[in-house]
Amino acid sequence: MKKVISANQSVSYAVRAAKAQVIAAYPITPQSSIVEMLSGFCASGELNARFINVESEHSAMAACMSASVAGARTFTATSSQGLALMHEVLHYASGLRLPIVMANVNRALASPFNLKADLSDSLSQRDTGWLQFYCESGQEVFDTIIQSYRIAEQLLLPVMVNLEGFILSHTYEIVDVPEQRDVDRFLPPAPPRESLDVDNPAMFGSTTDYYINFRYKMHADMERAKVLCRESDAEFKGMFGREYGLLCPYRCEDADLILITAGTIAGSCRVVADRYRTKGLKVGVLRIRLFRPFPAELIRAALRGARKAAVIDRDFSPGCGGIFAQEIKAALQGSGSEVLVFEFIAGLGGKDVTDTDIGQIIEHTINMSKPGESAWMGLLR
Amino acid sequence: MKKVISANQSVSYAVRAAKAQVIAAYPITPQSSIVEMLSGFCASGELNARFINVESEHSAMAACMSASVAGARTFTATSSQGLALMHEVLHYASGLRLPIVMANVNRALASPFNLKADLSDSLSQRDTGWLQFYCESGQEVFDTIIQSYRIAEQLLLPVMVNLEGFILSHTYEIVDVPEQRDVDRFLPPAPPRESLDVDNPAMFGSTTDYYINFRYKMHADMERAKVLCRESDAEFKGMFGREYGLLCPYRCEDADLILITAGTIAGSCRVVADRYRTKGLKVGVLRIRLFRPFPAELIRAALRGARKAAVIDRDFSPGCGGIFAQEIKAALQGSGSEVLVFEFIAGLGGKDVTDTDIGQIIEHTINMSKPGESAWMGLLR
Amino acid sequence: MLPITAISFITTEGNETGEWRSQRPVLDQEKCNRCGLCWMYCPDNAVRPAGDVFEISYTYCKGCGICAQECPKGAILIVKEER
Amino acid sequence: MLPITAISFITTEGNETGEWRSQRPVLDQEKCNRCGLCWMYCPDNAVRPAGDVFEISYTYCKGCGICAQECPKGAILIVKEER
Amino acid sequence: MDGIAQIKFPVEQEELVCPGHTACPGCGAVLAMKYVLKGLGPRTMAVIPPACAGVISGGFPFMALKIPVLRIPFESTAITASGIRAALDAMGKKDIHVLAWAGDGATFDIGLQALSGAAERNDDIIYVCYDNEGYMNTGIQRSSATPEGAWTTTTPAPYVKDTPKKDIVRIMAAHKIPYIATASIGYPADLIKKVNKAKEKKGTRFILVFSPCPTGWRYSSEMTIRIARLAVQTDLFPLYEIEDGENYTLNPRRSAKPVRDYFKLQGRFRNLKEDNLKRFEEMLRKERDYLNRMAG
Amino acid sequence: MDGIAQIKFPVEQEELVCPGHTACPGCGAVLAMKYVLKGLGPRTMAVIPPACAGVISGGFPFMALKIPVLRIPFESTAITASGIRAALDAMGKKDIHVLAWAGDGATFDIGLQALSGAAERNDDIIYVCYDNEGYMNTGIQRSSATPEGAWTTTTPAPYVKDTPKKDIVRIMAAHKIPYIATASIGYPADLIKKVNKAKEKKGTRFILVFSPCPTGWRYSSEMTIRIARLAVQTDLFPLYEIEDGENYTLNPRRSAKPVRDYFKLQGRFRNLKEDNLKRFEEMLRKERDYLNRMAG
Amino acid sequence: MYEIRFHGRGGQGAVVASIVLASAFFKEGKFVQAFPSFGAERRGAPVLAYTRADDSEIRERFGIYAPDCLIVLDSSLTRRKGITSGLKEGHWIVINSDSRPVDYRFPGDFRVATLDANSIARKYGLGSASVPIVNTTILGAFSRATQTVSIDSVMAAVKEYAPSKPEENAKAALEAFQAVQF
Amino acid sequence: MYEIRFHGRGGQGAVVASIVLASAFFKEGKFVQAFPSFGAERRGAPVLAYTRADDSEIRERFGIYAPDCLIVLDSSLTRRKGITSGLKEGHWIVINSDSRPVDYRFPGDFRVATLDANSIARKYGLGSASVPIVNTTILGAFSRATQTVSIDSVMAAVKEYAPSKPEENAKAALEAFQAVQF
């Protein structure tokens, strides 16, 4: 049924539909409305789950971790500082191979403080062993959370679903919330897995000299994840008529210049790309939806035809550059691709990325013969 | 004066020589002997510093942060879980532009537990805005800490000095501990900076819409950092006769195959490289000493002549690969370099990387016409 | 020219929060006994000693009504803010 | 074949910590009154009820000496471990 | 200014809180800050975690406080104050008060451990918690300082919060620190007196200041002071001091009013049930007995 | 096995701790685990943070405990137990005890906040802290449970620790949880009795078990039990119970021995000074008075 | 694409109004977007909110800088400088005010509609007498003045979103629809 | 390059021995490395430690798998299988034992040296009577047997590192130097 709701509400409805059993979360702007709505669902019994009012995000993730080892379907949501505080436990969750699903509402990291959208918070968790999705609409947020549970429970790895603070989290738009029975069909109860069991005692996560072997298993499963994500996306389409893919190309087939970005900026890019198309300039847009595991092969394929690519990063690794840009370049190196990759940092701290900004990015990319330093858009004077 | 000491002791002597004023640290294997030695120095008055026995690493970094804003020279040391727990505060420290110096004794991250060397702990802090050095000897550890204070205080950015757990931290070797007066000459008291002052009240780290501008400043200063690191390294050589550079090439000039790695593995690589040289094979070794800011230009330059490069990562980003390898490839992309980059994951969880392993890596790289998937060395059966 | 990071030096006095006001306290100096409670209890420092009386600064007064509520002499009246 | 991550199922009973021992407790059944204190206090479960007596398992006994120290009857003697 | 001479209670007149701050109309937290700084004076450095206090203190390039302030992580209030003290000591700077200024969420919940650590080391700081009984800055979620029976956005009506308020004072008393006090913005003179007393001591000092929040508690802004007083008069928030964790001094008891008077003014208590009220009275009796026993 | 029938105190005979574990000879922590599991029985799930207990519990693929165990982050003992309980409830699994098993460092310091959170929510878990008064697993550093006057590697001789042990029991009592007890491996029957009592209750239960450590305390391994008893006999570690934070039950006082007897057996106290001793006796007197006052 | 900017004060419900209006458009088959101007909302402090409506999917994710209409919930806000910034010439400014459109002068040629939403809201007991809640009421005036969305859709949306007194809210909107002056 | 592997038990100080020996070599101008085999050390549990010495800089950072010498601090350890693993043929095994070299049979042709370090340590009051500390003493025997480092260097190093009784430790090493049998 279609509703006009915010993406944060969309997250909450999705978690209710997924029938999470244990939810432990801590409020933080701009995620708070998720916690509020979910605690409401749990209090009213609309969702038959235990809601733990933890005293910090470190505990929120720790509770999800242990509840998951005990066999429950778990959920948490956070943002920026909260996600950063979970960092240590994020490593545990993946190392213990737990199908936890988390929503992260992207927000800039302190210091200084800024409450607005910035992907650096989740991207700086890129080495923690979590799958990472980046969404661009309330609908995609709902669908991705449902898909994530399925993927996580097949793969036994945790999944982080990211949506930009305010720009997406607080924007109301039309979301088709499917019937519960359809969701149940797509997402049955979790398949059985090793868990705490007084009848078969085992110790989880102890010290080991086989560390490298377990890391290798995680590596292998991350490779498998790409396949699983495509499969469940396809199945999802079969049932709900919507699919997303791992990368979302727009008019890329014949494009000379491809704008590459993640999250909401992609929508605005399409608007501007179309304008340039009418001017006869072959511009395409490639949105990266799945960042972990990083779909390097698909990136290479998507850029095969293009002469230039402009990566727009709403994130920044100090002393390195835009994170998407770096990983894209790494994927291209040695692949024989000739594409020139131009790097742009834009929209940090929720700075609005306007059609004008995107226009400038395109102009800049067209005019420069080869990439120079990364260009920063929208600095305030 | 030359002594046979462990690298952890070397850290402690260096901090004493640097005259840190506030030390807040929390014990963790294999860092503990640093905390023990430093608390001894503070108790006995050998080092006139306040030692804060914090209740966690999050607090250790928070204490260094505030003490640094108050104007003091601060130090902490940690490892793996402790570093991960500091994650949120690491972002604060760089965002507040504080010249904190920290030693991190690299250890594998849980879960599962493993107490041995693995660079993933510090590398998964690569987006936090800290400079990162990776050392290969007790001498280098000492010298790098002294250099780091100078760089940090000129640049107003924090510096992390990394040494591998046990393999380096607990290995005793000859370290030349310089005279205090010489250290004082190289490292005078910190130049004055904005700090908490009742006579000129200011608020540090508040909320701001200029967030992107401050990030840009950090970016610019990270670029400057590369220059400053080279300068202070040169000055250091002038005074102490030792220098390191940002990258440490060994027999790379004429090399066809260059082994690239960080930390102690480099030493073993040189041994094996020499063996192959005697066999007439042109093998070189490139050790990455400074990882943040990432010296991309120098990497490109160093690899210009080579046909193949084999990157040995004692670290791993699930769903992506070896972290050094990725960033090296990103640096090479679009630079016109033809070098073929082969990726190897080795030594995770302290797995010994033997001369045989390195030999196999070389053989593999020679025999393969082009890079395939990353190869994992030393999996246990 | 921005500092190296967000370091604030300027006070908030430039921010005229009186603009938020939907009701306005009016102080009747006749009734006032100078007890200073309004000054003490005003969350916005909008009541100030001026010479030997207290005055309300409408530049900052947000119209919370505390001063009127707490005035022992009923010397402060709350009226609708007309702009 | 390894599990997906470090999940332990096998007990430590295969680890013969008796090997650590530098001194050895010797139990004199004559003096023993079966009070079970040695069994109760042994940190390594090296004292075990066997039928109606207690026996010391040298496979695990680390030689801490607690049993001898706590035995009310002085029934346990600590001697140097000879290997 | 002889007019001021007539003020019934003598207090520092210098204002260290600037007007123009962005607190809601009638905010109790601002008053707490105003009074505490009147007590401490300008030679004070403060740390402030995320909270309404953080927002109120100003956004770059503006500041609402006339003292040096450091904005810190939510978990770290006490330890960052300790860090500043350590730095001042190491640099030989004296006669400066280090103020840790935090809300109840930062104190009862996410910052409790750092606070306990500072108390255990008896670090030389003044920790003031302004208690508005919830996470207000993020939109009125429950904290462990939220009283039983109160509505918040995470203890939604009609279910409301079903666990009692955490007894932070008793927890701090267990740390046997030199000075602990409860105070209220309803009684500024008493609050300032206690701040002055704390000032004279060394080591970890803890003051809990009751600070009503019209926005979060759902009452009309002019009632802030009245509600603060009622909390004391109903014994819901007794005023007292504890020295070295053992010596209790209770403020003279104010006219005992029925708890109802307090609850009925606030929208957050609309769903309060009879049995809540009973438990409250029972609880208050117990607490009174306990305090009297302690005061000996 | 009639031989066993003669055992002076009736205790569960099934051993849930396997031999072959890697504790030091004479380890008190292992005994604590042995006794507590005798009390709880096999239908128990445990969480264990990094600690000697973690090492003792075994390294992959081995386990020294015959119950399901999860190895958790150092900060998270209580909340991970709460998480397991929430999962069991959500999945409708009953009659299972959730045991949080942590050392003093994980309890008094880095895990205190998570513990306080669980206690505030009154989560249905049994939290046992085996107290060996320091960070032993990392090589004997001070924790806030380390007593004044004790040597550790971070309170090096001759300076030693100059602050008293944190009073965790009083802190937990301030949380008014259903059951709190102090126990000692020197008195297994009493310890097991208390575990059984805790078992019968719901909500957050906390037991502090005094567990001497020959390696860290610098004494000869056979003295473990003796030292545990001396701690009780000298009143340094009084045994008692607190129900609902208010009802105190003190164990009958054992022959009062001078504190010296306790100290002189341990190398860690070699640097204890006369004035330490004085403060100790003073402190012990106060504590006794306090407990008596509370008890009746 | 039709873009609306709401001007209100903390506590007046400008954000809710933007959502209600969006769903009114949605009921007429439009694609919609509604979002606030982000920041801590304090009672009485000026706040902005936005609504977008279009016949085709809305892909724009940047701010609204050149709205097609302003809805002003508090007449006093009209005196803030720059209130009309970006508003397209010839387009509507709908104001909650007891004065007449002609009493308003704005820099530029805009069409002004006014209605006394306060008294209507009071009449239907929306909010308190001192602080009437006019956010639903004024949407009726918007419907009539701009003709972009039907009053039925507005009333339906109002009923759906009103936390309490749905009928009264809807009636108020209808009365506003009738009473608005331009 | 000369590589030594120490076999001891937790509490015997094998690690310290490896360091002291390294500094003895250092005093003779050698480059050195000493490191333990990493893991929680429990009293009585077998532990390993290693020392490397060379005339040129030591760049090897991997483990020692083919040592040139074994030093065994506790005779009971000689009965552990695999104790000689990797030891180069014809090289030394120095054992703290009251039996004679000939009493030992190892798989392979190795040179065995023994000395009763316990009684020497006891004699000089090193450690307790029940648990003598032999880690410095046995280095004297090593010096004599292997001839790789002078007894003076060993004694100097011992004095430098002994936490207490430096003289006694040095004397014990000297006496071991004289008493060792092979």
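So that you can tell them apart, the chains are marked A, B, C, D, E, F, G and H in the order they are listed, and the count of residues begins at 1 in each.
Convention: contacts are C-beta pairs under 8 Å (C-beta built on N, C-alpha and C of every residue); 3 or more make two chains touch, one makes a residue touch a chain.
This structure is a prediction, so every number in the text was calculated from the model and none was measured.
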Pieces of the assembly after leaving out subunit D, positions unchanged: one piece
Pair joined by more contacting C-beta pairs (D-H or B-E): B-E
Identity of the chain that, by mean CA position, is farthest from subunit F: G
CA centroid of subunit F to CA centroid of subunit H, Å: 40
For subunit B paired with subunit G, centre-to-centre distance based on mean C-alpha positions, whole Å: 57
For subunit G paired with subunit H, centre-to-centre distance based on mean C-alpha positions, whole Å: 88
Set of subunit D residues in contact with two or more other chains: 5-9, 17, 20-21, 62-63
Residues within subunit E bordering two or more other chains: 22-25, 54-55, 58-61, 63, 66, 71, 73, 75, 109-110, 112-113, 116-117, 120-121, 137, 144, 221
Subunit G residues counted as touching two or more neighbouring chains: 42-45
Contacting chain pairs - touch in the sense defined above: A-B, A-C, A-D, A-E, A-F, A-G, B-C, B-D, B-E, B-F, B-H, C-E, C-G, D-F, D-H, E-F, E-G, F-H
Subunit E - residues contacting subunit A, complex: 50, 54, 60, 71, 73-75, 109-110, 112, 135, 137-139, 141-142, 144, 153-156, 159
In the complex, subunit A residues that touch subunit E: 26-29, 32-33, 35-36, 39-40, 43-44, 53, 55-56, 81, 85, 110-113
Residues on subunit E engaged by subunit C in the complex (per definition of touch): 1-4, 6-9, 11, 13, 15, 17-28, 30-31, 34, 58-64, 66, 188, 214, 220-226
Subunit F-touching residues of subunit A, taken from the complex the two chains share: 21-22, 24, 48-50, 52-56, 58-59, 62-72, 74, 88-89, 92, 196-198, 200-210
Touching residues (chain side subunit H, partner subunit B) in the complex: 18-19, 22-23, 26, 31-36, 38, 58-63, 65
